[in-house]
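Chain nomenclature is as follows: A, B, C, D and E, assigned in order of appearance, with residue numbering initiated at 1 for each chain independently.
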Amino acid sequence: MNALLTLFDLLLTLTLLGLAVVTVTSRELRRAVILFIAFGLLLALVWARLRAPDLALAEAAIGAGLSGALMLAAARRASGRKTSTGEDSDAKDAP
Amino acid sequence: MNFDAWLPAAILLSSMIPGMLIFLLREESHRLRTVLNMTGALLKLGLVIWMIGGVYDGHRYETRWTLAPGLDLVLRADALAVLFVALSTLLWLVTTIYAIGYLEHSPNRSRFFGFFSICVSATVGIALSGNLLTFVIFYEILTLATYPLVAHRGTPDAAHGAKVYLAYTMGGGALLLVGAIWLQALVGPVEFTQGGILGVSPEEIRIELILIFFVLLAGLGVKAALVPLHGWLPQAMVAPAPVSALLHAVAVVKAGAFGIVRVVYDVYGVEFAYANGLLVALGILASVTIIYGSLMALTQDSLKKRLAYSTVSQVSYIALGASIFGPIATIGGMVHLVHQGLMKITLFFCAGNYAETLGVHKVSEMDGVGRRMPWTSLAFTVGALGMIGVPPVAGFVSKWYLGLGAADAGSNWVIAVLIASSLLNAAYFLPILHRAWFRPAPKQWPQEHRHAGRLEIAGALLWPPVITAVLALSAGLFAAAPFTPLEWASLIAEREYGR
Amino acid sequence: MMIDALPLSVTLPLIGAFAVTVSPGHARGPGLLAALLTAASALSVTAAVWSDGVLRADLGGWGVPLGIALEADGLSAAFLAMANVVALAISVYAGGYFKQESARHFWPLWLLLWSALNGLFLATDLFNLYVTLELLGLSAAALGALTGTREAVAANLRYLLVGLLGSMSYLLGVALVYAAYGVLDIGLVAEAIEPGPIAWTAMALMIGGLILKAALFPMHFWLPPAHANAPAPVSAALSALVVKAAFYLALRLWLDVFAPVLNEAAANLLGTLGAAAVVWGSWRALRAERLKLLAAYSTVAQMGYLFIAFPLLVATPPGLARDNLLAAVVLLALTHGLAKAGLFLAAGMVQKTAGHDRIDDLGGAAQALPAATFAIGLAGVALIGLPPSGTFLAKWMMLEQAMILGLWWWLVVMMIGTLLAAAYIFRVLSRAFNREPTPYRFVNDARTELPALLLGLIATFGLGIAAQPLWVLLEQGAFG
Amino acid sequence: MIRPLEHIIIPLGLIAVGGLLGWSFFLAVTGEAGERLAAVALARVPDSGVSNPVTSVLLNFRAYDTLLELAVLLAALLGIWSLGAAAPGFQPAASVLDGMVNGFVPLLILSAGYMLWVGAYAPGGAFQAGALLGSAGVMLALAGHRNAGLPSEGRLRLLVALGVFVFAMTGLLLMVVGDGFLTYPPSLAKWLILLIETAATLSIGATLAAAYLGGRPAARPTTGETA
Amino acid sequence: MTGQVLYSQLFYGGSGIILVLLGLWSFLVHAPLLRKLIAINLMGAGVFHMLVAIAYRGIDTSPDPVPHALVLTGIVVAVSATALALAFGKRLDQDDD
């Protein structure tokens, strides 16, 4: 059982880290946000595995869900601006 | 409550509190402002007279207030302090009267008189300082309080003069602070003590102590206008006449000179300073300043600038007195603290009067002012003769004691300096007197304001110089009487040398 | 029945925030009432510490390590008192400063910020401190953007992000501490901590996060635009209190948590950064074209002085000298808080009257507002460190100790800073002298001018002439 | 192109930080910490009024943290409001979405209520419940409801600040009439926690939904329903 | 504490540290606001992950509830900060238009 669990742990964590990497390296903003949401959901799963179901729920609902929704709206706005003004949303300067 | 412990503080507050209140007054409240001013000045004078008597009888007046652990604010009335306090109190009263008359129709008087009072409070604080920390505190407050006075007129000239003034005095203040902190880190809290406190210092910090002396001297030398730190003084002439009078006679330059005296006698101790060659250095510096100031005065056509350079020169007599080892020269230096104040304030009052009444600002415009304004010119003449050292005006007494002291100490070169400087003094003052009395008046004065009354000028402007001239004259005439500056300076010297 | 002023100081502003949130149209009355009550309860905490010693409240009755406690010792009581006096003055000022629309946004956020401040000064739990830091950072950034100009919004967004990064670093340190020692209470952590990589890393993370929030050079870049573009009362709070809170926490951790693991290298690093901040901040303040930008750069410099204290504290052996040094540093921080708040409030008045705050064109406005100009002058005296301000005493004591230790270079740095400060302050004050005769009335608008003037007076005369009580206060658990 | 900051200094710094962090974390985990606070906390759960350990920590042992956390949430929302009014209208939703929303929102609200109740003894609680309420609001907003189902400004303000108020007032009342700030009497603990949690849930839900709208609520609501 | 638990704590905690570093890297090198926010959230997730890891005490032992509560608080704080920062960004965008 331990071996199985270890394998499971390994798989979960590798996927999690992989998601994180592609999130921060993703070229397109909207895609990065979606990847970030996926990352949050997977994190919730890992936390469920670590016997933290309360946190899993909260992360799924708040960390991934609401933060994700907020960021998606922002990304949509950014891409809207991109199409309307012709700017590249990624190059858009944050202060 | 112990009155002795409160008297120094009361003397300080008697001008501080009116000053604070005056800030709050509206511009139009002339009468209330005058009442506050005069009440403060007279109250202070009364308290000081009380204190003079007490100190003479050996009373000990000391206010001690702990600012923070190890840092005490000490106001103590010893003989030297009283000399300076009495001078500033007396001249403040006179100058206040003069300033009320001088600024009668000009704006921003609440601000002016507020800072004026604080300026005097700071001077009194410097005089009464019982330790180096307190001295530094009031020295800096004096800078702060005089800056608005120099800048008061708000013209570009005034702004520039104030800036230069501030740059010099802030720099000096910083040096003084560094020296004070350094000294305190070495030897602990520095209380002013007759005979000094460093006589018993260990040998291995001797070099550091000597270094600190020069740091302190540089800090004090700025206000005392020692060459080459005198650059601010002629620039600060843009201030209104009462301010110049106060700056030159009482507050700023005197604070520096007084500080040098304190450091030499009550911190280092005259024996320590003598033994380590500090006095020689100070003497050379003072002599250079005396000669340089006189030479510069000779070349100025602007009356106020000529007087300013004269101050540079004259104030250094005080430092010179401190630099000669021996009680007689000490008396000469100390008494000059008062005498120079009386004479120089007279001269500045008169210069102000000429400018106010006739628009005369330059020496070359002074032809015939004697007949046009006889009382003012008489006062001016007394002051000028005193500066040269003509008996029986007060200046003669100072120079006489300085010379005697120098001879006593075997410093013949000092006598040479004195003679040279007196000749130079004569060279830049006598032509003025000649113009004033013996040259015909021009048909048209540069800018004449005819005074409506019986006198040549308003009473508030005339009486102050006349009074100070009379005082300067009497200080010389009755020099041997009790409670004259000379007597008092002898008392100080006696106590400093422990004889 | 009992009333415990410790939780009261934190919750009263919260309840006030509720009141002004639900009645935005009438925010000023309840807001001022809440301000008054909050300040009263916080000052009563200080008074109680003064007379009875350290105060502690176990919230929830569980006690440490399980529960969270609030504690007021001399150090927290001193900062608490300063912060609440300043905050009260800012509240009164804001009552006259903000108009209808911005008032409704200002008051709830301001009370939340105040709650965070009091919570931070009283907290003893490392994680609770994280929450107060976040509350502080969020409400401060939101308040800073209230002017609504693009510069303000952009600068405060940057401030928000930097603050978040700082909090994150701090939180990482907390996680490490909990992992290693299993407790979060400051006292318990201090008992458990021992020198080693864990403690060093945790210290670096936590203090590193805090110096980001305290705007220590070179992490100061976010401060000047954020503070200069905020509304005047908010600038006052940000410069006087918010960065000071981060410094307080760094000092607290340094003294109470990491005391066993301190080393000279870390202290010298902080001191060197502080020295750079002093010189650079003062220089930029001198070059600043706007009054509020000048004040903001001056904050950068003043924070530098505070960090110079660390190497001195480490080099001084425990005893009277170290106690005095600590008190001097606290005195410096308190004086600066009062003075800088006074400066910003007065600058706000001048700005309102002149319609701008370009220093070179201030002439008439400065002369027409004697009280505000006086407040700038008094605050300036304290910022320069001239007598009779508290700063003067503090600098004197710090420098004397530096000289006793033979560390003369700190004296050089501080004197350079002092002279530069004199230059930039008098650059402003010189504008107050103008040929135009202006109708002289000392006070023109009491509600906005008096708070500024009072803060300046306390900084310059209160703390400079009567600093002794601070020592009495710090006797309560802060010395040792 | 090699930019030295981005390609050399930052990665090297990160490696250093990572190494230090990893080393310290390794030492911390393998060190003497033992059970940390687990045993203490778990032992006191029966006294806390709820049986879910996380809820007992959140609402009882470390309730003060949670109070301030609600304040953080409120501060964020007030900050958002101070930055301007909500962007004018979302696009009208597709009818399919609308129909889905109509079915989904009541379900979310129902599960929020359940989650709030169940938090006392099982995974769940105020935050999760509030998050569900918030998602209901988000969904409504996506479906084109201009106010995300939130009430008018006056009531909305009450709603978002309610959590902080109830929490703080409970604490103060307990201080005045009881044993101390937020010190629940054991017999009442369960109900007080439920009261606070209910208020907190409403506030969290309303705050998150309002935050999603991203600006001050319109002066006049177009829809009257509450979330 | 068994070796298995220790291993899990180290493993998950270590991956938390990697997440922190990833987030930090992204925060430092990416300018757009949204990317910075994702980065900060990622860092937060990393720290929370560490806390969850040290709370873990084995598959059949109750975990330490204290870090769980901390993480829950942290999640709410993070979403608050994200929402506020996005509102700032939105305001800037509006000003640009």
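Here is the rule we go by: a contact is a pair of C-beta atoms (placed from the backbone, for glycine too) under 8 Å apart; a residue touches a chain by one contact, two chains touch by 3 or more.
Just so it is clear, the model here is predicted, and its values are computed rather than measured.
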Task: Identify the chains adjacent to both chain A and chain C in the sense defined at the top.
output: D, E
Message: Measuring between Cα centroids, what's the chain most distant from chain A?
response: B
Message: Can you tell me which chain is nearest the middle of the complex, judged by mean CA position?
response: C
Statement: Per mean C-alpha coordinates, the chain lying farthest from chain C is B
Averaged-CA centre spacing for the pair chain D and chain C, given as whole angstrom: 30
Field: Euclidean distance of C-alpha centroids - chain B vs chain C, Å
entry: 42
Task: Indicate the whole-number Å distance between the mean C-alpha point of chain A and the mean C-alpha point of chain D.
output: 19
- request: For chain B and chain D, let me know how many angstrom lie between their CA-based centres, rounded off.
  value: 72
- prompt: Can you list the chain C residues in contact with two or more other chains?
  reply: 127, 131, 134, 138, 141-142, 145, 153-154, 157, 172, 178-179, 184
Multi-partner residues of chain E (at least 2 other chains): 13, 18, 20, 25, 33, 36, 50, 54-55, 62-63, 66, 68, 70, 72-73, 75-77, 79-81, 83-84, 86, 88-92
- line: Within chain A, the set of residues that touch 2 or more other chains is 54-55, 58, 62, 66, 70, 73, 94-95
Residue numbers on chain D that touch chain C, as the complex places them: 20-21, 23-25, 27-29, 31, 33-37, 40-41, 44, 60-65, 67-69, 71-72, 74-76, 78-79, 81-84, 154, 157-158, 160-162, 164-165, 168-169, 171-172, 175-177, 179-184
Statement: The answer for chain A against chain E in the complex is residues 2, 5, 9, 13, 16-17, 20-21, 23-24, 29, 32-33, 36, 39-40, 43, 46-47, 50-52, 54-55, 58-59, 62-63, 66-67, 70-71, 73-75, 77-78, 81, 89-95
Field: Contacting residues of chain C [partner chain E, same complex]
entry: 127, 130-131, 134, 137-138, 141-142, 145, 150, 153-154, 156-157, 160-161, 164-165, 168, 171-172, 175, 178-179, 184
- prompt: Can you list the chain C residues touching chain D in their complex?
  reply: 1-4, 6-8, 10-11, 14-15, 17-18, 21-22, 24, 57-62, 65-68, 105, 108-109, 112-113, 115-116, 119, 125, 127-128, 131-132, 134-135, 138-139, 141-142, 145-146, 148, 153, 172, 176, 178-184, 196-198, 200-202, 204
Query: If you look only at chain E, which of its residues touch chain D in the complex?
result: 1, 6, 9-10, 13-14, 17-18, 20-21, 24-25, 28-29, 50, 54-55, 57, 62-66, 68-70, 72-73, 75-77, 79-81, 83-84, 86-88, 90-91, 94
